[in-house]
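This report concerns only the one structure given below.
Each chain gets a letter, A, B, C, D and E, in the order it is written, and its residues are counted from 1.
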Amino acid sequence: RKPAATTNDASDGAPPATKLRVQLNWVAEPEFGGLYAARENGAYAREGLEVELKGGGAGSPVVQLVASGQADFGIAGADDVVTARVRGADVVAIFATFQVSPQGVMVHEEQNVASLADLKSGILALELGLPFGMYLRKKLGFHGVSIVPYDGGVAKFLTDATYAQQCYVTSEPIAVKKRGVRAKVFLGAESGFNPYASMIITRGAMLRDKRDAVRAFVRASADGWKAYLRDPKPANAVMQKLNGAMDAETFAAAAEAQKPLIETDASKAQGLGAMDEARFATLASQLVDLGVIAKAPIASECFTTVLP
Amino acid sequence: MPKTVDIRGVKRRFPEKTGPLGGLTNDGASVLAVDGVSFALEEGEFCALIGPSGCGKSTLLRMVSGLDAPDEGSVEVASRGRGEIAYVFQDAHLLPWRSVAENVALPLELGGVSHAERDAAVLEALAQVELTDAANRYPRELSGGMRMRASIARALVTKPKLLLMDEPFAALDELTRQRLDERLFAIWKERKLTILFVTHAIFEATFLAERAIVFSKRPARVVYDQPITLDPENGARTSATRATPGFAREAAKLLSALEGGDT
Amino acid sequence: MPKTVDIRGVKRRFPEKTGPLGGLTNDGASVLAVDGVSFALEEGEFCALIGPSGCGKSTLLRMVSGLDAPDEGSVEVASRGRGEIAYVFQDAHLLPWRSVAENVALPLELGGVSHAERDAAVLEALAQVELTDAANRYPRELSGGMRMRASIARALVTKPKLLLMDEPFAALDELTRQRLDERLFAIWKERKLTILFVTHAIFEATFLAERAIVFSKRPARVVYDQPITLDPENGARTSATRATPGFAREAAKLLSALEGGDT
Amino acid sequence: MSAARRAKAVAAILLPPLGAAIVGILIWESIARGLAIPAYLLPPPSAVAAAAFANAGPLASACLTTSLTALAGFVASAVFGVVTAFVLASSRLVERAFYPYALILQTVPIVAIAPLLVLWFGVGPRAVAASAFIVSVFPVITNTLAGVRAVDPSLRDLFKLYGASHAQVLVKLELPHALPNITTGLRIACGLAVIGAIVGELVAGFAEGSPGLGIVVMTAYRQLRTDLLFAAVLASAFVGIAMFVGISTLSAVALRRYERNN
Amino acid sequence: MSAARRAKAVAAILLPPLGAAIVGILIWESIARGLAIPAYLLPPPSAVAAAAFANAGPLASACLTTSLTALAGFVASAVFGVVTAFVLASSRLVERAFYPYALILQTVPIVAIAPLLVLWFGVGPRAVAASAFIVSVFPVITNTLAGVRAVDPSLRDLFKLYGASHAQVLVKLELPHALPNITTGLRIACGLAVIGAIVGELVAGFAEGSPGLGIVVMTAYRQLRTDLLFAAVLASAFVGIAMFVGISTLSAVALRRYERNN
């Protein structure tokens, strides 16, 4: 079956722009800052690409959309990629935006919890079925804590001082801080669960058939991220127009908060988006441990570095 | 004697159409059904009401029962207590989810009559209309005439003071009708109730009533209002009554009044 | 002459109750409505059917019309084409969302008759039952008698070959009834249709029909089946007919047959 | 005179709901203030109004986006629901065989079939409308079926007597008879189509630039902008009520002939 | 004889849906295989059955959890919906003032009011049942109201004539007359209560102990375990259909008296 995206054959004149569709897993947010920056500052256009960034809701089936050709690229976590490959979906990670997983647990500061292992009472909201929460529960037990589903909001956190919840370090802590509530965040990475996050993924067929376009897209996206890390303001302004529910202040704070997760030693050494086979292997064995998948996929097939 | 029903200059006009928004009505064409009818019934009177089809008889009965109100004029009824008025509608109007006995028991139930008393009264009323056999059947299992009889039993069961009947026996065969005529006459004699009785059968009106009112074609107006005097005055009515010369004479008077109002 | 309707040994029994699960029925008590009725109608016959209330007349008519089937015996009807049988039900059964004219037009509409032809036929049928004025009204705006007349117009409109009528004129006043009687007689004479006519009015049966069948009390059995011979044989019926001695004699025969079957 | 009466009739229709709205808002405001419920849980109506006003543009555009998909799903439900009900009504066997399974449409969580929806309808409004359809079709089927089943058997007899075809019985008897039930089903479908569209937006993606109310609800919820959240919730209720009033008005006109025969 | 007929009647009721199920499963299997749709999008029924079998314990316990809350919400809907409809029916003014706003219950996304639910009912089954109630009550109101409004005016006249009190009209006329409509409303409410409970579990339920079907659905979805996901979806449909069949049976018994008077 032909992929839905069409790449017009380059002819000798100025080649018409290649149309590409990117499926996001949420609305315009700093998490996607580099992509919007690349689109706004012309990085995609310079590569001859016309990129459509499609928003999604919390339940958007990004992996399925990419695997089935409805989108050319998508945003997903490394755990999604590993799981999807085991289930038979040929998706491959091509750019690891967040080197450190932004996923964590936030706790009210008054609770005086020094580490997550001290959490022994109250309520903890975790996203159902997400390996992150399963890992923490398996490792830390959380005996005496009621586990409830995480729904993406923070209202319940504000109403209840014994409420702890899963969070994106770039999002919920900022939201509660605006209300004058101080939260302590424990990153999952500190407990040993650190999948790459906000990865750009594509399907195997794209890599085989349109490697040039993929390469151009990753190159331009990396440029976009560089620009965004330098100065997030222009892209933020564009994104804020698309996401009226988030104010400029929050955009700025989130962009600031995510910087250290993107720029790490590894990405400074190997360039933005760098990926390492060992981390995929670790993740795969963790997922097997948690029972999410029965058997680990070949780690090297989960990702590919398309740039030379 | 006190007036049980007093009707003065009653007019009733139906709007032709109901508007789309509930309250709005089109003031255009309307149907004048009753046009200035006046008469009074004294307590204990048995009055037959005759008139051409569609002239406004049922409309008048509804106003007497209090279910409808005149546009002009007044209708005064002395006894408006619970169960004091009974009305045999032109259609049977039985509750389809109740058996015959349960349908007949309804007015008593609504009046808070005790179970035991109710059962006795229902049995008596069913016997009066010869429907004892069908007590436990449902309306859909009845013939047309049986449905009407159930409806009559329901009206008799409260022993009302004022009985309004809209062609109650039209769906019955001649013999059943005659038996019920006689029984109704006996009940009236015994209980001294006031009866306003719409009928198309002139013979029936002559047989039963003390007085007959004839309506003109729509809009209804009173064209005839006279007592009916049969030879065995105030005596019992039997099959033989129908053969007396007085009977034929009174019937002829009514027929000619009807003919007069029909033009 | 060919038989238009041939009824042989027909029995019909209604189960007393329908079970909770649709298909299941309680085999206990049941009502035998028609018990071995046989008679035949020749083409062009006008036959009156008389019997006590609840005896099984409507049940028989339903079986002749094909809407119900006998449990035993057979009902054969010669002309079963579209619009060849018309049936005036005991209740009017009008579609409440259609005006009178639209209700009367229904059988023609179902038969695919063209608009223009339909309108003409509807107007004619409405005139026959004196309902032209009310053509555009809705059933809820009609009196009881007007509803029945609309239903009669609907039956006449297809010019059927076999006309089944279940007490069509019971809700009409004496004068309208006599006019419609005469008109029905004229239509029968003119169109040579076969009519099976249930009535409670013995005078009406005598006036109209060539033949009368009397049923016994439920379960219905034929207790009387004789031609009616009036003095002006095969002549036109007028008001004067009702005064002839032959008329009274025939009526008396029917009444005594009814009395015989009622015990 | 007639104009005055008309104005009075319109007032009789409009004033009660307006009055109720005002009373409701006052009660809400006093609860929010009196019980001191934090504004991030239950903002006072004044705050909601302010948020609605400040975000009037995006809210209006979100309303439009959601209305269109909800309406598309609703229309599909109306057509498909009525047709399906008539097919089911055609025989007891067919009804018994298939009707219970129609309920699956009602109980399936949209998120679970989101991948199939986007696979078949693509990311965007068509998948969202499909979600609105799935959520809203069952009540239309059920009510229409109930209406068809309730047709007076003696009217069926009448049609049978005159040799009506199956199609004629459907068009001239069953459909007009079931019309009141169908509008009841459609009234229920209105609200369900709106919530179906909102849920659909959360799983089936949307075109950039015109996010619907579902997206506004979720983003406001995540950002704890409860005033905006409530404004969006009320906006979705408004979309539902507008469809509801539309259906009710249409049905009042269509059903003028239907007042019961007495 | 009678036993044989009874068996035959039961077969007539059970065979058609079973046959349809078997045909449906065969078609599904052949689509999944024939069109080579990847199993992570549409698993073949055999895979779903295998997943259901492998997870029979957790699925059964999830079914039970969800059934209980859905049933609680459903019962609340039935009671509150019928009562509300009778209040609305008591006057046109009341109906006009409040009925349209009842629709808000239907259009509000549960997630938006999840914090309020948790505040008022606490985390757990009570909040989940409240969600099931909110999602399922409107159809009960609407159908009951339609039933009460359709009472034959001449029967109302009869009750008026005999001086029936408001309560008597309600109990002896309106309620029995509206019973068929009420059961239609309840049939719709069944499925909605199930989906309401599932949605409620996702925002206000417990994730451990005895998690409901909503939790299973989300977990399976997140982990792309589409076979288990479909098993859970079918399980929730099963809960809905079980409630539906229950209501249908009850109503068939209750409505035996209701076959139309002809």
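Just so it is clear, a residue touches a chain if its C-beta (ideal position, glycine included) is under 8 Å from a C-beta of that chain, and two chains touch if they have at least 3 such contacts.
Everything numeric here is computed off the predicted structure, so don't read it as measured data.
Path length between subunit B and subunit C in the chain contact graph, taken as the least number of steps between touching chains: 1. Seen from the Cα centre of subunit C, the chain whose own Cα centre is farthest off is A. The chain pair with the larger count of C-beta pairs in contact, out of C-D and A-D, is A-D. Rotation angle, subunit D onto subunit E, C-alpha superposition: 180 degrees, expressed as a multiple of 5. A separation of 49 Å divides the Cα centre of subunit B from that of subunit E. Mean C-alpha positions place subunit D and subunit E at a centre distance of 17 Å. Centroids built from CA atoms put subunit C at 82 Å from subunit A. Between subunit A and subunit E, the centres computed from C-alpha atoms are 38 Å apart.
Under the contact definition stated at the top, the residues of subunit E that touch 2 or more other chains are 12-13, 40-41, 111, 115, 119, 152, 154, 157, 218, 221, 226, 259-260, 262. Within subunit B, contacts with two or more other chains are made by residues 22, 91. Residue positions of subunit A touching 2 or more other chains: 59, 64, 68, 151-153, 155, 159. Here subunit E touches subunit A in the complex through residues 38-41, 111, 114-115, 118-119, 123, 201-208, 215, 218-226, going by the rule given at the top. Interface of subunit E with subunit B (complex): residues 92, 152, 154-155, 157-164, 168, 172-173, 176-177, 179, 257-262. Contacts from subunit E toward subunit D in the complex involve residues 12-13, 16-17, 19-21, 24, 40-42, 93-94, 96-98, 100-101, 103-104, 106-109, 111-113, 115-116, 119, 138-139, 142-143, 146, 150, 152-154, 157, 180-181, 184, 187-188, 190-192, 194-195, 198-199, 214, 217-218, 221, 226, 229-230, 232-234, 236-237, 239-241, 244-245, 260, 262. Across the complex, subunit D is touched by residues 23, 27, 52-61, 64-65, 68, 70-71, 151-155, 158-159, 171-172, 175-176, 178-179, 242-247, 250 of subunit A. By the touch rule above, subunit B contacts subunit E in their complex via residues 22, 62, 65-67, 81-83, 85-87, 89, 91, 93-98, 106-107, 109-111, 138-140, 158.
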